[in-house]
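Next come the structures, one after another.
What follows is subunit A paired twice: with subunit B in the first complex and subunit C in the second.
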Partner chain A sequence: MSTTLDSTSTSAIVQREASARRREGRDRRAVTRHRVPVSVGSTAVLLIGAVYCLMPVAWVLIASTKDASELFSTFTFAPSTHLWDNLVELSAYRDGLYWRWMLNTALYAGVGAIVSTYISALSGYALAKYTFPGKGVVFKVLLMGVLVPGVILAIPQYLLLAQVGLTNTYWSVLLPQIISPYGIYLARIYSAAAVPTEVIESARTEGAGELSIFHRIALPMLAPGLVTIFLFQFVAVWNNFMLPYIMLGDDRLFPITVGLSGLLNQGATVPAMYTLVITGALVSIVPLVALFLVLQRYWRVDLAAGAVKA
Partner chain B sequence: MSASTRRRAALVPYAMLAPGIVLFALFMAAPIVYTLVLSFQKEVVKGLGLGSGGKSLQFAGLENYVSAFTDPEFAASVGRVLVYGLILVPTMLGLALLFALLLDARRTGAKGFSRVSIFLPYAVPAVISSLLWGFLYLPAVSPFYWVFEQLGWEVPSLLSPGLVVFAIANIGLWGGVGFNMIVMYTSLKAVPQEIYEAATIDGASEWQIAWRIKIPIIAPALVMTALFSMIATLQVFAEPTTLRPLTNSLSTSWSPLMLVYRDAFTRDDIYSAAATSIIIAIATFAISFFFLRVVQRRAFGQED
Partner chain C sequence: MRASFRTGAVVAVAAAALIMTGCAADSGSEGSADDPIELTYWTWAPNMDKVADIWNAEHPEIQVTVNKQDGGDPAITKLLTAIKAGSGAPDLIQAEYQKIPTLVASDAIADISGAGGSDIADEFPDGVWDSVTLGGDAVYAVPQDTGPMMFFYREDLFAQYGLSVPTTWDEYAETARALHAADPSKYLGTFSANDAGWFAGLAQQAHAQWWSIDGEAWGVGIDEEPTQQVAEYWGGLVQEGVIDNKPMYTPEWNAGLNDGSQAGWLGAVWGPGVLSGNAADTAGLWKAAPLPTWDGDVANGNWGGSSTAVTTQSKHAEAAVEFATWLNTDPEAVQALVDEAGIYPAATAAAASVLTEAPEFFSNQPDFYEVAAQAADAVAPFAYGPNVNVAFSAYNDEFAKAAEAKTVDAFLAAVTAMQQVTVDDLESSGFTVAE
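Presenting the complex of A and B:
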């Protein structure tokens, strides 16, 4: 029972990926040995699922080639020729405000997730590799934080930041999203599994300082796991709508989600805005989907690759 | 090692934890405490309520909580979210399990393409996916309504008051089915292949293997995905907020969090918003508690 319980934590998934990938290789070899006929029924069900998931993406690709009048008059999946016009119009909207939103999003999610990953690694490593009074309490309190829904914190965070005059600034969106109890939790698991205590001990006897052991020895060993923590945090920040929606009033500070939602709101009175919104939605998911496909293999991280084999 | 260096060494883990603890205190602990404090206060207007001395803060006891629990709007929003969750969670997890089992079955084709395609929506933020689906729900844009029209069928819009909950559940399904599928598929992949080989030799069919062996083995993963999905359900905010400009069927208090937002910012009543937040947080805790107990028991066995 205890081994199956392990599979409940997402972190454990990462550890299991290694064996999963090894097994996939074995499967492939097994298939070449004796070929199994493909079942039409189960393949079809899976493909229906794939089509359902791809349909809105295909639609936005086609819809952004239409101009405002075609959007509501021509058949949904009939492409048109106005993609370039729409992109020009989108870029021209209030002197390139849209591209500013994209840069803001990259800043919030990118910088936010990098700093968050570093702090999670530092905390997780300290919790896994040191024994000190209060360790249990610190970890339990942090673990409680995993359960606190971030969106519920957004309003009091706004009220508190308002008292120090930080609302409606980049800081108001960046700072609250740096602490990630889940990231610390994952970093503790990775540190325990990927950084052998003997390696730390021997570095100590050679006179290395504790922080330089962390930076020079532990961080490289943790790298594959840290990519996973980074991705989780990156997606979480990119996805977070409520926090910037509450914190920001100046639309030059908006991330793409809040910006597009505002444009859609204007569309209710100015339908010409709809082509802007649709083209904007397409352009915003292109880098995201590209990044996602490129980093896909990091959703399956091999912890063994980072560890020193005894 | 001298006594002073040993003392300094003892401080190392605290120094490493300091940035995390400080940020935790500032951006998680302090807001929680502050919300608690606010939830027990109320603003009382003196005289005409004009000028700086016109309003004062008073201890309100449980008044904000009582009014939250007796507020028909809050009850209605909780009711809507329960219906939303009852539609979304079983459908999403059922499909995720089906897809995961099909990906794991030996006789399924086009696995790589399907896995990436179904997981892809996870990369699309909820606001963007609500926006895409929002347009696809408009009868003038939707390909489905085009088909219905050709067939001469009168189908009510998914954005009409009675159906909008399905419209929002579909957005949640689209965004979440792939992630849950990957979680289940990963835990299926970790099962030693020999178990299936033995079952096959004993004459078990692929469906029997799925039903009798695979599903029981990944049961813990199913429990976890169910809990995570239920917690996410309680917090639905981005989808209905994004859809609002496209339909009249969504009030500003459609979900509990939308109600909190409206109370705090449109009505300037942060005190009852705080009380409602605390109620939502406690409900989330109650659900999460089981998850915590399951995870904590096992995860740290490998440490020194």
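Presenting the complex of A and C:
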């Protein structure tokens, strides 16, 4: 769960890549000439940073190999041999409820992120490439939306969805998350940078409809940027706690986050299931790590690939 | 604010489409096997779905779906949100006794006296029944389990250090001193500033009455002699350093249960589940005894315990009451509650017939449930008010400071502060408070 993309770093990546591309030709020779000597100080700082980030992961990994009594009695970083037992126990908990949570999370994050990415692309493209009355207002409202944290919208969203009787359903978690102001904002920047207006205009002269221009010409050009939006949205949904926590009453609909927190808060009369929670947390970060390793390389793909070269 | 108009419209249209398809099925009040009444039941007790399965097999006309919740506080918060929103609440909910006044004040749970709720009063001890009627003619819930407090101790360590089981609080203090002197790493127990319910139980044993109602006015009696006496006693032990001041239910406390540095625990009848979950390797080393008394005055307190309530949003109150009654009084159901959910049933007769064999963790103590029955019999009357959550969080805040300060004065000041916070909150919520 430590793998979160904070918003500043994503937008920084986006903008940096976009401008880096533009400057690349000019700067290439300059970069190769200046070999920066390895600084011991900066390496040390980075190492400390790495340890700081990886320590909790290492702790989860080691703690998940211990059984319930070892967890509180043996040395913190001394591994044990009960990982497999813990996994079996986790799978057995209420007839494999954990795996159902995992599937739910995949549904919320996967479907939610795909739909959200598509809507972001559609809206961002429209904001970047069309002129229509009120465009400025819409974009400013959108920017304000970026500033409002999703957490504080959870209760109003609950009240709204309760009025239409959708609380405690899959929809109650999916619907609020498919609109992402931040995703739309990013898509607008990508569209402005990666889809040249000339291409759209020549497509129009060829007689293509607006929707087919978007789907067949703009979307492929936007693909690398959309991967970033998808990943960002996927991680945001995967780690979201407050919204499903408020919306859902049936634990068969829970995502991993809410399910695991429930295992810790069984009430005073029932012991917290520490080993299950720790093992569950370990398993739950595996898909995220895999997803990042697979999709990471798309981030480096030239934003302007496939478009008209200047 | 959050989205553009267009995308907002998309959501609205999608939502509308779902309502069209989703809201067609609404059955009449009489269920049948072909068209059963569907009840949802929010509970956090483990394996409750298995208990409901027994009912569902026998009653095809009323089908109960269990939604497992995350413990008492989150479930009640969710219920109150759903009540406020006007939909989304279940038919039945597990409610701790101290939550009932709050739920009644928020109009979240229904008076079931007209739906057959009054007929079962004789099945339960008077003190327990009082907490679901709030002393009036209405019935707000069917009692499910109780938590009479008990003293758990490590028999092996007591033998090793030549200690005897304390029967009064004076003896408990002596034993705590002797144990800590013999091995400074060991404590007979801890004063937990995190568990307001635990402290309320100890105060209840000393005959405290934190809330009372006189006509229309609420009385708050926290900062009075019984609670002061309890606070002074524990403040003294903490100041002396012979009792630990760390909260319970932390990894550190769990470690203490395992390695013997927590040689005793003032818990309640559901304690075996906690001990076996946190310190499985110490099975057979623990024994249970009645809570020490104040100079031989046989009384006890409750820690925990809950009931089954019908929410005001339920469209099938009678069916819900029928299920709640079966769940908590039928011998087969009570047996299942004990076996599957591991609770101590509130229904007196059913409990006596079901609880014959000691829990596995206490297999070294065959008379475990005789001790428990004794503890349950001795429970002193105690009423909860409409702002238990405020008083309990004031406990957490104030006693956390006191446990850190480690002085008797700080403990007494914490009781005074608790009283003040509770009274202020009642007044600002519009209740009349008697002086």
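FYI, the second predicted complex is superposed on the first by the 258 of 310 C-alpha atoms of A that agree within 3 Å, B and C clash if a C-alpha of one lies under 4 Å from a C-alpha of the other, contacts with A are read in each partner's own complex, and residues count from 1 in each chain.
Convention: contacts are C-beta pairs under 8 Å (C-beta built on N, C-alpha and C of every residue); 3 or more make two chains touch, one makes a residue touch a chain.
Not measured: the values here are computed from a predicted model.
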First (subunit B), second (subunit C), both or neither touched by A:286: neither
Partner touching more residues of subunit A, whether subunit B or subunit C: B
Subunit B versus subunit C as contact partner of A:142, first or second or both or neither: both
Partner chain(s) touched by A:78 [first = subunit B, second = subunit C, both, neither]: neither
First (subunit B), second (subunit C), both or neither touched by A:103: neither
Partner chain(s) touched by A:251 [first = subunit B, second = subunit C, both, neither]: second
Partner chain(s) touched by A:151 [first = subunit B, second = subunit C, both, neither]: first
Which of subunit B and subunit C A:261 touches, first, second, both or neither: both
First (subunit B), second (subunit C), both or neither touched by A:58: neither
Partner chain in contact with A:92 - subunit B first, subunit C second, else both or neither: neither
Intersection of subunit A interface sets (partners subunit B, subunit C): 71-73, 119, 123, 138, 141-142, 145, 148, 153, 155, 159, 175, 178-179, 181, 184, 245-246, 258, 261, 265, 267-268, 274
Sites on subunit B touched by subunit A in the complex: 9-10, 12-14, 16-17, 19-21, 23-24, 26-28, 30-32, 34-35, 38, 95, 98-99, 102-103, 105-111, 113-114, 116-118, 120-129, 131-136, 138, 140-143, 146, 174, 177-178, 182-183, 186-187, 189-190, 193, 217-221, 223-224, 231, 234-235, 237-238, 241-242, 245-246, 257, 260-261, 264-265, 270, 273-274, 277, 280-281, 284-285, 288, 291-292, 294-304
Touching residues (chain side subunit A, partner subunit C) in the complex: 68-69, 71-73, 94, 119, 123, 138, 141-142, 144-145, 148, 153, 155, 158-159, 161-168, 171, 175, 178-179, 181, 184, 245-246, 249-251, 258, 261-262, 265-274
Interfacial residue positions of subunit C with respect to subunit A in the complex: 1-8, 10-11, 14-16, 18-19, 22-23, 40, 42, 44-46, 67-74, 78, 81-82, 84-88, 90, 147, 195, 197-198, 249, 251, 254-255, 258-259, 268, 270, 273-274, 276-281, 303-304, 342-343
For the subunit A and subunit B complex, residues of the former touching the latter: 2, 4-13, 16-17, 19-20, 23-24, 26-27, 31, 36-39, 42-43, 45-47, 49-57, 59-60, 63, 71-73, 75-77, 119-120, 122-123, 125-130, 132, 135, 138, 141-143, 145, 147-149, 151-153, 155-157, 159-160, 175-176, 178-179, 181, 184, 188-189, 192-193, 197, 210-211, 214, 235, 238-239, 241-242, 245-246, 256-258, 260-261, 264-265, 267-268, 274, 277-278, 281, 284-285, 288-289, 291-293, 296, 299-300
